[in-house]
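Below are structures written as structure tokens.
Both complexes shown next keep subunit A, but they swap its partner, so subunit B is in the first and subunit C is in the second.
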Partner chain A sequence: MVLPSWLRLPAILFATISWSLVSASTHSFENTAIVRTVDLGGSLVHVTTTYAIRALDNGVNRYIVSLGENEARSTSWFEAKLKGQNEPLSVTTRPLDPTSDGTHSYVVELPKPLSVNGTVNLVVETVLTHATYPWPKKAAQKDDQSLKYEGDLLVLSPYKTWTQRIKVRAPAPRIISYTTPDSLDEFTTDQVATKSGATVTYGPFSNIPPSASTAFIGKHQRHVVVHYYFGHPVVEIASLKRVAEISHWGANLNIQNDIVLRNAGPTLKGQFARIEHQSQTFYNRLAPHIIPSLTFHLPPGIHSAYYYDLNGNVSTSRLRVAPSVPKAAQSNQYSTLELRPRYPLMGGWNYTFALGWDSPLADSAGYDASTGFYVLGVPVQTVIPGAVVNEAEVKIIFPEGATDIGVFPPFDPTTEQRSTHITYLDTIGRPAVTLSFKNLTDKHDGLIYVTYKVPLSVHLRKPKAVSIAFGALFLVALLARRVDLSLSK
Partner chain B sequence: MPASLVRIIAFVLISGAAIASRLFAVINFESIIHEFDPWFNYRATKVLASKGFYEFWNWFDPTACGVIYNILHYLHLPVDIRNICVLLAPGFSPLTAWATYIFIGIVPGYISRSVAGSYDNEAIAIFLLMFTFFLWIKAMKQGSALYGTLAALFYFYMVAAWGGYAFITNMIPLHALVLTLMGRFTNRLYVAYSSWYAIGTLASMQVPFVGFQPVRTSEHMGALGVFGLLQIIAFVELVRSHVSSKQFRRLLFVSVIGPVFSARWIAPWTGRFYSLWTQATPRTHRMAVLLMDLHFLIFLFPAGVVLCFKELRDEHVFYFAGVMVRLMLTLTPIVCVSAAVALSSVFDTYIDPTEPEVTEDDKTDVAKKDKSASTPASGATVAELLTDMKAKPAQRGIVGLDTRGAVILNALGMLLFFVVHCTWVTSNAYSSPSVDGLHIIDDFREAYYWLRENTAKDAVVMSWWDYGYQIAGMADRPTLVDNNTWNNTHIATVGKAMSSPEEVAYPILRKHDVDYVLIIFGGVLGYSGDDINKFLWMVRIAQGVWPDEIQEPQYFTPQGDYRVDDQASPAMRNSLMYKMSYYRFAELFGGGQAQDRVRGQMISNPGPSLDYLEEAFTSENWIVRIYQVKKEDPLGRDLKSANAFNQGKKRKRTRPPVRRRGLVSI
Partner chain C sequence: MSDSPTTYAAVKHFHKVVPAFTPYVPVGLLSYLAFILLTATFGLAFYFTTLSKSTIPTREAMVAIVASALGGFGVVALFCSVGVCV
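Up next is the complex of A and B:
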């Protein structure tokens, strides 16, 4: 996970201060077992690692999860939980210190300190983006699609590990090839890799010393490649620009997304032949790397949805709107938008479009009468399952004259900017906040909460401006009728 | 002031009707620019809005939209530039209505050019046209240099906005000339014309597009000639008032001979002007179309003309001067004015004498009509006409209320039907976007968008010129020829490439750096406006430039039929256009008979094969097919044999490879 720049300095400070503290505690745990499951996908690879921890000291509550350099680079979501619980634990990121151990450390705060021999099961979920690539890099229109996953094999840890096992699970049993690493005899007596069904299991490896060190990584870490068939298109959103405009006069929240969609699967070999595409569609045997349509889950209660691109409205979409639900009520209902691009997206093709809708402001906003604050939740993105969003920009436009603006994103943005947005009937413009994100995954689906105040006098600014403008117009007309400029009567 | 109130209400109603009747396309379909030409203007406006005025001035005009765009944004109204372009034409129509002050507002002939979405300068130009005429007449009546100058300014704007400005350039001098010939030369005419011509011409020469044309080409010669003539006449008048009549006659004789030989290097009348006078838009070809466009106005028109002549004044001749103009666009205002004159005189005669209060009813009933009946001092020409007529009411009395009622009811009925007819025509005939004929058929935009998103930014697209602007606007790619290509050789080059066999076309394509070739093919869907049906034009135009290489008869069967099935002539079957159209077409029908739905002919089953181009994209209903031009073979083979090699065919050795001659030749 890349640290935002404004976080970096405090993080380094924190690191230097607490380094001695933490490193003193590196021998305070051991891992009795680690099981890692790598779920291979298209743009996203979901990794679940379960650490069975035993404390060797009393009162220790900071456990360090280490990720190797490559792994850390492609990790864009990191969440640690205790097994069987839903509450994520607080995690502090520590930057890579290349001179020391060659790993990125994530310091997990356990909810309560462990005493000696106390055990706990920690589940760490990470999502890797751009960890796979199509191989072969080109595929003809009717070819199958296969991807390669490349990654480091062993789970690193600053603590001694008694046993660990790594499972790589492909979406289908058709695994073309996988690496069988050699010279790991030090840790295992069995076969290093076994394949059963759609899963390749590495290990178990036993008696691994503390491995979060350059020496260990250099000597024992192995690079594995798994080549597998993938039956779904690899969807990548190169850029998502979301604009949420809050309107109190219209009691409306308008959300517009400008989306650059890319088919990140194997690029089309040769050219596109419509006749082949039509026969594939007719026999319902569309090659897996083609994106003919996408399904979006939009919020319930929306209206006036629109879908257009630079050439105007695209008529090939279908929307089923679910009725709006009250704010407090939890609901799994959503409006479904089946969206068909103008042309089927072959490998490597792009499609740029805009998708927007209006929703009642009451569905997502609340007013706290005691403090005078409005509170509003804006979803960071509309998740397309399995798709990665390379660059996201969420701009929230507040009502004109809003003050005391507070923005609370569900995870740290890379940048945050304030600006002024001017639109219809505005006099001084509306305050706007722009948050930028990188590599969003399907886990990044939280709400950005914003709070702001809008005084009554500001609400009345628009009618005032309009009446002044019209008054001025009438006055000019009045004077123009009355004043006689002719020289002679 | 009830009269003023009624006038305002009537004007608002006219404006409303004028705008609403033009929005059918936007409501039925969407805010999109249809038609082929306006896309160019749209692009031009975008440049203006984003790059600023001066840089743009060096290029071309359509300023109105850009100015409006900037003003609206300054006023915090961030309207999309496309919407401005789409709605500009309807927005200008009430202004035109106001300028002509009568019901041109909803006449179909004008609507055809100003329906929302046909973003064209012509919509503004009609307004300018009417206003320039108005100012001209005003200037002429008063002999006022001020109004002459104003007319010149609007003339200048019109020059900048529309190529058809030549219409004014000739109409005003014609008017002046006719007046002079009729012996109606006055000092007022002299002042008005001189001020208009001098300032207008100088101003129009500032437009880069026009340049020195006003003194070079013959379509501007009329104006110059009349200007000269007026100077001479004025001078002659001056001389005549000072010298005796005998001396005068001798002087006249000498001075006439001289200037005859001066006009040597004047270019022949250019085509654009011809087209204004003769064929113009294809819509005006048939009488039926004329009737549809103008409805009953066409019958009122002669009546109006007669009425104009009944009491002949200078400005009445003006309407007559327009009679010969067939271009629907410019004909419309004239017919409207005449028809309004006729109608209002009917109403005046039948309503005024006995029951003046009926006029009030009439006003509210038919908003458009009363306009002309109730405009006292506004200075509009028609209004003056009418006040004149009002001034001498009912020389011939109308007997009986029933007669009067019948006539008025009839007239009102006609007006009502006219409105219904206008609405019907607008909603049906003129407002359906030709970009996508049906709701679901959206192939054009699909293919253009594909080009835009998935080809190199600088890829050159070759297509027949009809699609040039659309490709430039929607796909944002440079094209070889477009709707504004006046160079016949360019168009013929495309025609030649399309009608030649692959190996002949390939060097042409490579020479012009063509990356993609786009064609329109309707055979799957039965879209008859496709390129195979336009193909003969390509052949003919190519033949005009290369008569040795392309001959039209070769594209017909020996029986003289234009066929695409297995009886098609070899030239037809080998042509690039044929191959691109029917490439893999037969496969669509599985093993069955492949039928072209436009031409109703069977296509032979192993269809044509392509060696030098490859299919890059075909839209959902096959209407747009895009082919990529292959690069030269890296091994230096010609692409035909390279292709055969790739398909595993054995190379036929027909003749030994040509050995290179030594370069040294002593």
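Up next is the complex of A and C:
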């Protein structure tokens, strides 16, 4: 964005003043202890960092969490809570300032300001995507699967840290190798890295000065690589296009997903051998990097589900429907769909398919007669545990003639577009809203709420359009009856 | 628009408290309604073809209007009952 010349000086002054305010606040807290646990997975890595904070000033309530550039680039989900509480805290992100400290700042607003020496435990959960990769890159059909995780070691913070410890936990106690960083004697006297079962513990590191600066990162930050066996397929959804179509006359919500599924494990070395696959299936010893089937947890009360790909209908699926639950009920009921692609997905293979279903509109939508607003909740995605969705697009198609449309996504989309969708019996077309997202994880399971108005006169648009069509036919018939086409009287 | 919620928390609460959506016509009745309305449309269309041709086609026009109106609703009900929810 290029600023006009008259705005540049005030903008620089504003940035300097606000940055100096932030810098001044780096003396308002200190970290008595930081413990980070990195839970390694397939396409997702769940990181939980607990900060034990002590306030050094009175009335401070804004705590800055810093992530390094690489880490921030991989972070797709960031949530901060107080230890023992469920309510997430309000977080604002500051974009990376290339002239400053080489970190991304997340400003967490504590619920109550702390007085001097007041303490609180802050738990920050983040999910990293594309932080692991298969190594070796290729694997034969019956080989094992191993992945490498690469990340920065030390937890950065703009405040002084008395002690910090980082634990990297693999899903199974089968760690092939891990980095032992060197030249960290300034912060630790003991062994830097110890392995115990499935966990590699780095630290404890003591007396770390404020570390959210390029100088500290350049001098002390270390890169660690952990190489581990992973016993489950690495599922990646390269693209998800979800279309939710609302029908008021049919009291129906149709959700259709066009999914490009990818096995992000090691690519298959050599040819696919059907015999080998049959024998593995027979003895129930499928290699860990093969995806033979997927299980989806779909909403309760659905019907008329369909699953097809480019060739046509795919019959290798089984759906067990749970009964409908009322709108907004806190229920953990779900319908289970076990889906087998046409072929087992070997490493590096893709499969494109469409999966859709209908559900009663009353299960997701409500109507407020006093204001005339309808409100509907559409899930962003059907979560597959441990899978990442590289690109997602959710299109919500409203009834024809809907007005006063409000869209409330649970997290910020990358883009939001409005368009008109034309389908059966439409005259002016249906308003549609398309939201795009990137790098969704299994934590991104919220609902997109939409509000809109459709008065009765607008509802009658469709029957009116069809009636006019019939009327035109009758008019033609009326006139045609009066035309005499006989050849002789 | 002042009546609509403006924040995510507000719309989530709004979604929870408002009554569930109910259609004008119960969904189970749509297929029967489609049959009745379209049969009536067909009957009236047949009757239309038997009417005498008068200079001012009042009767024909009235029959055409009623048949069109019934046909309009009948087709919408037909679409919904076969699964194409319009």
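The working rule: the second predicted complex is superposed on the first by the 463 of 489 C-alpha atoms of A that agree within 3 Å, B and C clash if a C-alpha of one lies under 4 Å from a C-alpha of the other, contacts with A are read in each partner's own complex, and residues count from 1 in each chain.
One rule holds for everything that comes next: contacts are C-beta pairs under 8 Å (C-beta built on N, C-alpha and C of every residue); 3 or more make two chains touch, one makes a residue touch a chain.
For clarity, every value in this text was computed on a predicted model and none was experimentally measured.
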(request) Using the touch definition from the top, say if A:424 reaches subunit B (first), subunit C (second), both or neither. (result) both
(request) Applying the touch criterion given at the start, work out whether A:116 contacts subunit B, subunit C, both or neither, answering first, second, both or neither. (result) neither
(request) May I ask you to decide whether A:482 touches subunit B, subunit C, both, or neither, giving the answer as first, second, both or neither? (result) second
(request) Quick one: name whichever of subunit B and subunit C touches more residues of subunit A. (result) C
(message) I'd like to know which partner A:374 touches here: subunit B for first, subunit C for second, both or neither.
(response) second
(message) Under the stated touch criterion, which partner chain does A:271 make contact with: subunit B (first), subunit C (second), both, or neither?
(response) first
(message) Is A:309 touching anything from subunit B or subunit C once the two structures are fitted on A? First, second, both or neither.
(response) first
(message) Once chain A of both complexes is superposed, is A:471 in touch with subunit B (first), subunit C (second), both, or neither?
(response) second
(message) Taking the stated contact definition, name every residue in subunit A that is touched by subunit B in one complex and by subunit C in the other, in rising order.
(response) 423-425
(request) Flag every residue of subunit C that touches subunit A in the complex, lowest number first. (result) 1, 3-5, 7-8, 11-12, 14-16, 18-25, 27, 30, 41, 45, 48-49, 53, 57, 60-61, 64-65, 67-69, 71-73, 75-77, 79-80, 83-86
(message) So in the complex, the part of subunit A that touches subunit C is made up of which residues?
(response) 245, 247-252, 254, 304, 326-328, 358, 360-363, 365-371, 373-377, 404, 406, 408-410, 423-425, 447, 449, 451, 459, 462-468, 470-471, 474-475, 477-478, 481-482
(request) Sort out for me which residues of subunit B touch subunit A in the complex. (result) 30-32, 76-78, 439-440, 442, 445-450, 452-454, 474, 584, 587-588, 614-620, 622, 628
(message) Under the definition above, what is the set of subunit A residues touching subunit B in their complex?
(response) 270-275, 278, 309-316, 342-343, 349-352, 422-427, 429
